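Mind looking over this structure? Questions follow.
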């Protein structure tokens, strides 16, 4: 026909399979973070300790005088502890994950799309998880690879096979606890600043509470109220650190499960398309 | 006397110019501030309400500089565009508290709040939390806080936004009443026909500059490159057309069902000519003469979208 | 609006501040933020309760780091560890930086800045509301902790020190709040600056010998504390070694000076700054 219809036409192309909408949210979050110079700078600076450790491994592998710097499980454990500051800052940077959406009344918009609440939450969790693992798990695994490269043999790895699951367990526990807690807190407020402060307060305060209760009662079980000490106990167990641990591994893992479970409960209650004002 | 006067007023945000060399006098009465999105209306509103400091130039409101002059707000009521409130307060509490900031004691502030809430027809919902209000109710409570202290000058930024059609009509009527009672009102809006129903006095802004100010009809007359369009309802359209085409000022004639549409560059002379024709009766009855573009929309279209 | 009545004169600075105080106090006290405040100040009460129960059980004597201590000493430690090092500065950062920033973020600042009161009066009014709100929550917590830990027989002996604690905590809240009100009014990212000041600069300055510590609020607040400083870590041991105790009158004067200067500068900042709201 000579004159074509200019009216609306339904999209007839391919669509993503149902259940993949979370990736759209996650991708947008990642792009937003990477477009901000301060976060890029933070991510870059977070890799500086890795460079330091590479130098340490190189020196230990090639110079007899530097034998005291030899690679051990302690190196990986202390590296991951060192990354704690960057992990904290990255997680605090995610304080607006849901708070910003609540402020902009965007939850209703999101949940009116073919997107379940689970996908929404998964999308929000993904970006901070990825960034935290990129400064913990990834460089720690690379350090193992670097050691093999400089040492020229797999001896260390084969003699310390537990290191791989230890790095994985500790990094993932760190990332999951921090991310779930922050995203859950973010769903409770419309202010990212309030969320960041609450997270910071809880983080430091629970540690102080544990220390005080431990000294008063003599019991280390109070570590269960301090996420920082729970994670430390996991690290101690996973890396087979000698000395007294705050908690046995099973108790620490239970603590992590409770924290994540509670966060999920909060998210389930808070992520709704409507809010009832009384 | 101008209630708002700016002289070479400019405002830039870093490299971006929000307002560019604006010199305008807004007279007493009701004035409409019009412009497309991003034209500079909000920047102008913020400058005349003392929220922003001019980068260059001056602005005076009610004869006094506004920046750093909070006492002037005793005489000004401002209804901002943003939908932001203390959601946990009731409408009455909120309006009373803000009225109290004008120096009223508690009882007087409560009375003033009650009167203002009644004026915007929200008395029934006044004791509910603002967080539970609909968009239109929120808009009305915003108006209430602006009028509670009975200011001399009302500055309303998109006051009809979110209101249903009935409420819009009532609010327009209310604004006209305030104007008649002696309050000067500056209304910013995108909705041309509603501004037109409130006032014929406009300030048109585009790309950070004032494009036109004054009476909309007068402005229309001045737009030379757009001949006036006049619609004539008559049964003898062709005969009338032949007669009118002889006039020098007539640019074009076209026919539509029931009559003809004429474009003329000399509207005053043309109207006189058509009146004579109608009075002579030579071409039968002329039922109606209208000018579809002697209005705000046409002015807006010609000046802004050209 | 016919028959326009005679309007009252615009409120003076002080009257404007009082009116903003009335408006803000209710909002502050009944906000979700106060839940956080209650949790934070409730924690020491919980600890005191646990300590009291342990003490009352008589099974295990109360020890700290292996040495038996009485309730009064524990109270002193809690003043240091919880209130001075954490609660007071964090509340100062939390509330102080938010006084104006929250209104800007919520876009309600327009309603306050288009009233016939000086912008500075808005800041001062909100600051006063912060002081009342935080002291109303923090000081009762301290009172509860005191009476839970200190046996009744020792109350008469320790009451003066306890009163001093209440006073210095109130003064600390006022000083930190004023300082961070200035930070919140003047800077774009007040929260980060505030946290860096409290957990960065103050901790380092208290370690460094010389005059650096005089540029902290903690130095003067700690100078008023009647209890011994606990040595619960390397940093704290170093701080206690390098600590110099200015006289009480100097501390009070310095803290009052911090409040006055910070508020004055904050008023100037608020009155000269433009607040561009997010659309």
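The first chain written gets the first letter, and so on, giving A, B and C; residue counts start at 1 in each chain.
Rule of thumb we're sticking to: a contact is a pair of C-beta atoms (placed from the backbone, for glycine too) under 8 Å apart; a residue touches a chain by one contact, two chains touch by 3 or more.
The shown structure was predicted, so the numbers you read here are calculated from the model rather than taken from an experiment.
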item	value
Chain at maximum distance from chain B, centres defined as averaged CA atoms	A
Innermost chain, taking as reference the mean of every protein Cα atom displayed	C
Geometric centre distance via CA averages, chain B-chain A, whole Å	53
Centroid distance [mean C-alpha coordinates] between chain C and chain B, Å	49
Whole-Å gap between the CA centroids of chain A and chain C	32
Residues within chain C bordering two or more other chains	none
Shared-contact residues (touching 2 or more other chains) in chain B	none
Chain A residues within the chain C interface of the complex	103, 188-189, 191, 193-194, 196-198, 200-201, 204-205, 208-209, 211-213, 215-218
Chain C to chain B touching residues, read off their complex	1-2, 4-5, 7-11, 15-16, 19-20, 22-23, 27, 30-31, 106-108, 110-119, 271, 274-277, 279
Residue numbers on chain C that touch chain A, as the complex places them	32-33, 36, 40, 43, 47, 50-51, 54, 60, 62-65, 74, 78, 81-82, 86, 90, 93-94, 97-98, 101-102, 105, 191, 195, 232
In the complex, chain B residues that touch chain C	13, 42, 49-53, 68, 70-76, 78, 80, 82, 84-86, 88-89, 97-98, 100-104, 145, 147, 149-152, 178, 181-183
